[in-house]
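Residue numbering begins at 1 within each chain, and the chains themselves are lettered A, B, C and D in the order written.
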Amino acid sequence: MLSFESDYTTGAHPAILQRLAETNLEAVSGYGEDPYCASAKEKIRRACQCPEADVWFLTGGTQTNATVISTMLQSYEGVVAARTGHVSTHEAGAIEYSGHKVLTVPQHAGKIDAGELERFLETFYQDGNHEHMVFPGMVYLSHPTEYGTLYTKAELERLSDICRRYEMPLYMDGARLGYGLMSLQSDMTLADVARLCDVFYIGGTKVGALCGEAVVFTKRNTPRHFLPQIKQRGALLAKGRLIGIQFDVLFTDDLYWKISRHAIEMAERLKALFHEKNCQIYLESPTNQQFIVLEDAKLEKLKKQVAFSFWEKADETHTIVRFATSWSTTEEDLAQLAELL
Amino acid sequence: MLSFESDYTTGAHPAILQRLAETNLEAVSGYGEDPYCASAKEKIRRACQCPEADVWFLTGGTQTNATVISTMLQSYEGVVAARTGHVSTHEAGAIEYSGHKVLTVPQHAGKIDAGELERFLETFYQDGNHEHMVFPGMVYLSHPTEYGTLYTKAELERLSDICRRYEMPLYMDGARLGYGLMSLQSDMTLADVARLCDVFYIGGTKVGALCGEAVVFTKRNTPRHFLPQIKQRGALLAKGRLIGIQFDVLFTDDLYWKISRHAIEMAERLKALFHEKNCQIYLESPTNQQFIVLEDAKLEKLKKQVAFSFWEKADETHTIVRFATSWSTTEEDLAQLAELL
Amino acid sequence: MLSFESDYTTGAHPAILQRLAETNLEAVSGYGEDPYCASAKEKIRRACQCPEADVWFLTGGTQTNATVISTMLQSYEGVVAARTGHVSTHEAGAIEYSGHKVLTVPQHAGKIDAGELERFLETFYQDGNHEHMVFPGMVYLSHPTEYGTLYTKAELERLSDICRRYEMPLYMDGARLGYGLMSLQSDMTLADVARLCDVFYIGGTKVGALCGEAVVFTKRNTPRHFLPQIKQRGALLAKGRLIGIQFDVLFTDDLYWKISRHAIEMAERLKALFHEKNCQIYLESPTNQQFIVLEDAKLEKLKKQVAFSFWEKADETHTIVRFATSWSTTEEDLAQLAELL
Amino acid sequence: MLSFESDYTTGAHPAILQRLAETNLEAVSGYGEDPYCASAKEKIRRACQCPEADVWFLTGGTQTNATVISTMLQSYEGVVAARTGHVSTHEAGAIEYSGHKVLTVPQHAGKIDAGELERFLETFYQDGNHEHMVFPGMVYLSHPTEYGTLYTKAELERLSDICRRYEMPLYMDGARLGYGLMSLQSDMTLADVARLCDVFYIGGTKVGALCGEAVVFTKRNTPRHFLPQIKQRGALLAKGRLIGIQFDVLFTDDLYWKISRHAIEMAERLKALFHEKNCQIYLESPTNQQFIVLEDAKLEKLKKQVAFSFWEKADETHTIVRFATSWSTTEEDLAQLAELL
């Protein structure tokens, strides 16, 4: 069936599968101590224009968020996030499972407002009683956000500046980072991200890999003995090559950026298509996720022929749904959808 | 370089890579809700001769142990394991990270002795003060053990019987279960394992998969809301198909058993080879790991041409090393090693 | 110095100290296995008109909240609380330290609204994706709230009804329960609380004891092996008599209620005094905490002669402060304050 | 009934109760910010001859151990303890509840052997694979031990030296420190303890207080934001005065040492009494706990008239029991016991 359900419904970019096959019988060391991981890390460091960056490979997004956040926070600290941040709402309490609170601030189309963050921090430290409260220990943001929206470079600079003044690391969840940086509206590069964030991850799972996220510590700030801490959280892959090879391929000849750009092109055409068909767009996302308002009768009919995601009820008779493109979306998919609409 | 370093140095069985390629562009739901997971689960249930078995896929061994143990134990309970059990020593404290103690009993070539287990439990409940102690909440054993040794069916029956009397689940870590059940000395089948254990896992990572372990709950005893608990531990793969497809292939036409049997054959010839060359075998393992005592001078020379694992010092001038075969070990590998020795 | 800083600034009711002295040299068993604990439990059961109630003694409020909540929740569950609930904001993340999320709902003068709670639960279970979210596992409310306000019996009945429909325990933090039930506005008895809540605690620390809170499980629902779980959380007092004796005294001849009523009388006169002096009352609390708006100049002068608590800034030149009465507030204290104002 | 059951069966030294009564109506700040805590801390600093010592008051032993250990360890570290150490066996898993492993070394009458500790650490760091293991992060010892035995100054110096070489804090559980330092066999002073340990606690609960332990950080090494970490663990007493006053009394005019010495004198006479009566002493303890072997028939008869603790079975017809003296043991108690024996 035609699917716009999410950006993780298909397998991996074919170049990845090919490389897995080519290298399959080579015997290499486990736990990330293989030449493919080494090569991929070097390519990512270069792409970040950050020679001192320290790169680690983990398997999925929730695992990455929980591992990074719980190893960077002190016991008495929590992570500040937008109320709609993935760590706040859709990770089954993985941060709390690690013993830390998610301190929420308001969201604006999924984004944190720098002014509000600053007031939150000021108020916290003004309060004489704050030794009975959870200390804000780092700031989490997703880019693109859960709503497909983007921070501008100026916005990220201001957030980064606040974090430095309060000596808190700024952490970017880049599950869909490729789609963010390749957006037509993006005014940032990967080097900007590396410069402004203390730690971030480059998403693989949602951008063409079978699995895998690349965590980048940019300020010589890797938690001490990070490997045992990964192991302790059940997040150390025996065959580390599986993720190393994938990122090595994705960061060869700009494949990561090319397939991200492709998904953005498909998303722009998808948006145009919905406009054409007079569908109401709930949120004009500049990335690969589009939120559409469908009449319920139409929704019921449509979902027999195309897969998409339920987001939330808009009113009694309308529903907001999500259509996502990805590296594997084709022009044929769009043509088929046009016909169905 | 020639490698007997471990059973996870190469990629995946070629049939797995082929199937990943064939299914690559099909869009399926995430988080294990795809037809490949469903098919693999059904095949495993049949292989276990346990129609009510509930099968779940996780990514690696430490993750699986921590997830199963921490979701089955109550807060006041710990897991009983041999002092050399993987959960006791080589998982960087993953069980304790989840809040639970590993209660150790002595090991005999890696195995728990039923009599000693029984006395441990009797003593615990005799002690009037046991409300200040950690309650034994389940029993963990590895089969094969960390030393490549095996429980007999009679031994497992006795352990299972003790666990039932004390109303504790018996959990088998089957990271190398294929090599165990295909050993020439094994008197057990997968159905025996399913009958005698309350939960166990069939190892994929070390038996031909890129990653993945299949957890089997055999007594309608899956922890409630197991999926959110997996998610919470960062162990839920978005593209669940990656593991589903692999186990679907491994449990088609007995591939899992065939490649396990092949590794055993290679291990038996490896043992014969060491005997021939008058090397001292530290432990006559019936499975795919062989522990050899090498003179240090010989070791230094050998390790330039073949990879193997350091185990521990035997004395001032000798070292115990481990040679492991796997599904991907070839006759040529053995011939090459024979020459080097 | 004259103090209205809080209800835990003085020691214990003299009758408690006297009884501690009288019983001091009797040798009794530890860990709550003494006759004083037994007697106090029986008196509390009777006061609750709940013969099957199971009573436990813990040392302080945060400890009690964390122990009760973490032992009653499943791993995948969180506790629902008002955004201003003590567990949400002023316990340094004790709930999250135990691995659980505090799921916040809006507050209305510190209270949860039953309608909003119901919609929160409905929305949660409607959302198809809720297996990636934290399950609401119990409801926490404080009575009186952190703002000194009270639930009516009808409100508590509605909350209790919702909890039963969703099969979630209702937990009342009664740190100041005496002041709540003795309020002139209260339409509830302790028996009502026992009937409507699944678990609650009767606060000692803030109502005349040196330390100690009495947890009451009202529905034969004590967590299994609760004692080791208390011990594991560092909350088991060796000399359990210390708390047993205190509650035994407090629940003899209605002392708990008499001293609570006294604090309420003092609070009513305090309120009257502020009215008289034309001070703006921020929140007309029916219990022992009064929130007053003071001009900053006046505040600075006043605080040299009387202790009270900073609450929050009202505007550029005014501040909200808290005055609390307690069992030990005297008419002389009020007279002195009247003079100072 | 006559009781030698433990050293926490009676209340508090009368001077403590008297002081609690004298100060009862003074209004002071909560959470340890009162003048009695300040005074007690200063007195303890002086007694330790360690002006830079940082002193904190907690309520009980398990709470203290868990709080100190979990705030000083990194996530990847465990605490090294004797197999019979209180944290290893009798705290219901409180250390593991905080996420950390207890790494056990052999015990010799309850003590750690420095040579064995050193070999344990050497082996750990020799093992190439130690990144998959729990790092030894601090050393825990009890003094007196659970068997009433004592380290000599030379032994403690050697342990301290090893800890410094490995950059691990040395932590002493001094639940019965008074009885240890006042033992006729002790060659150490409190100043020695402060010099050789990085952190230790002076037990109050078992040495004349109603509750309370005084934690002393001796090397300007208090964990950052220790107060919120105490609060987070439910260990912050609202009326901190309760413990402050008790330690203030205990460290006035050497009361702590005088009552400890008294208990030792009583214990020496108890030992003499058992010798006289030809009872077999299982372990010749130099402190206040004596372990006696009783014939079961005699035990049954005796326990009707005097309380003592079951320790363990010695053989089919004999049992090891513990008799403990304390600050409150009297000559009459001994005379009565003599008669009964």
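Just so it is clear, a contact is a pair of C-beta atoms (placed from the backbone, for glycine too) under 8 Å apart; a residue touches a chain by one contact, two chains touch by 3 or more.
Note that the structure is predicted; figures quoted are calculated from it, not measured.
Colleague: What is the chain whose Cα centre is as far as it gets from that of chain B?
Modeller: So the chain farthest away from chain B turns out to be C.
Colleague: Count the C-beta contact pairs for A-B and for A-C, then tell me which is higher.
Modeller: A-B
Colleague: Per the centroid of Cα atoms for each chain, what is the distance between chain A and chain B, given in Å?
Modeller: About 33 Å, centre to centre.
Colleague: Could you state the distance in Å from the CA-based centre of chain B to that of chain C?
Modeller: 50
Colleague: Indicate the whole-number Å distance between the mean C-alpha point of chain A and the mean C-alpha point of chain C.
Modeller: 42
Colleague: If you look at chain B, which of its residues touch at least two other chains?
Modeller: 75-76, 91-93, 97, 99, 131-134, 228-229, 231-232
Colleague: Looking at the complex, which residues from chain D come into contact with chain C?
Modeller: So the residues of chain D touching chain C come out as 1-3, 5-6, 8-12, 14, 17, 20-21, 23-30, 59-67, 91-94, 97, 205-206, 210-211, 228-229, 231-239, 241-242, 307, 328.
Colleague: Going by the contact rule at the top, pick out the chain A residues touching chain D in the complex.
Modeller: 70-71, 74-76, 99, 131-135, 224-225, 227-229, 231-232
Colleague: Considering only the defined contacts, which chain C positions touch chain A in the complex?
Modeller: Answer in residue numbers: 75-76, 78, 89-93, 96-102, 128-129, 131-134, 310, 312.
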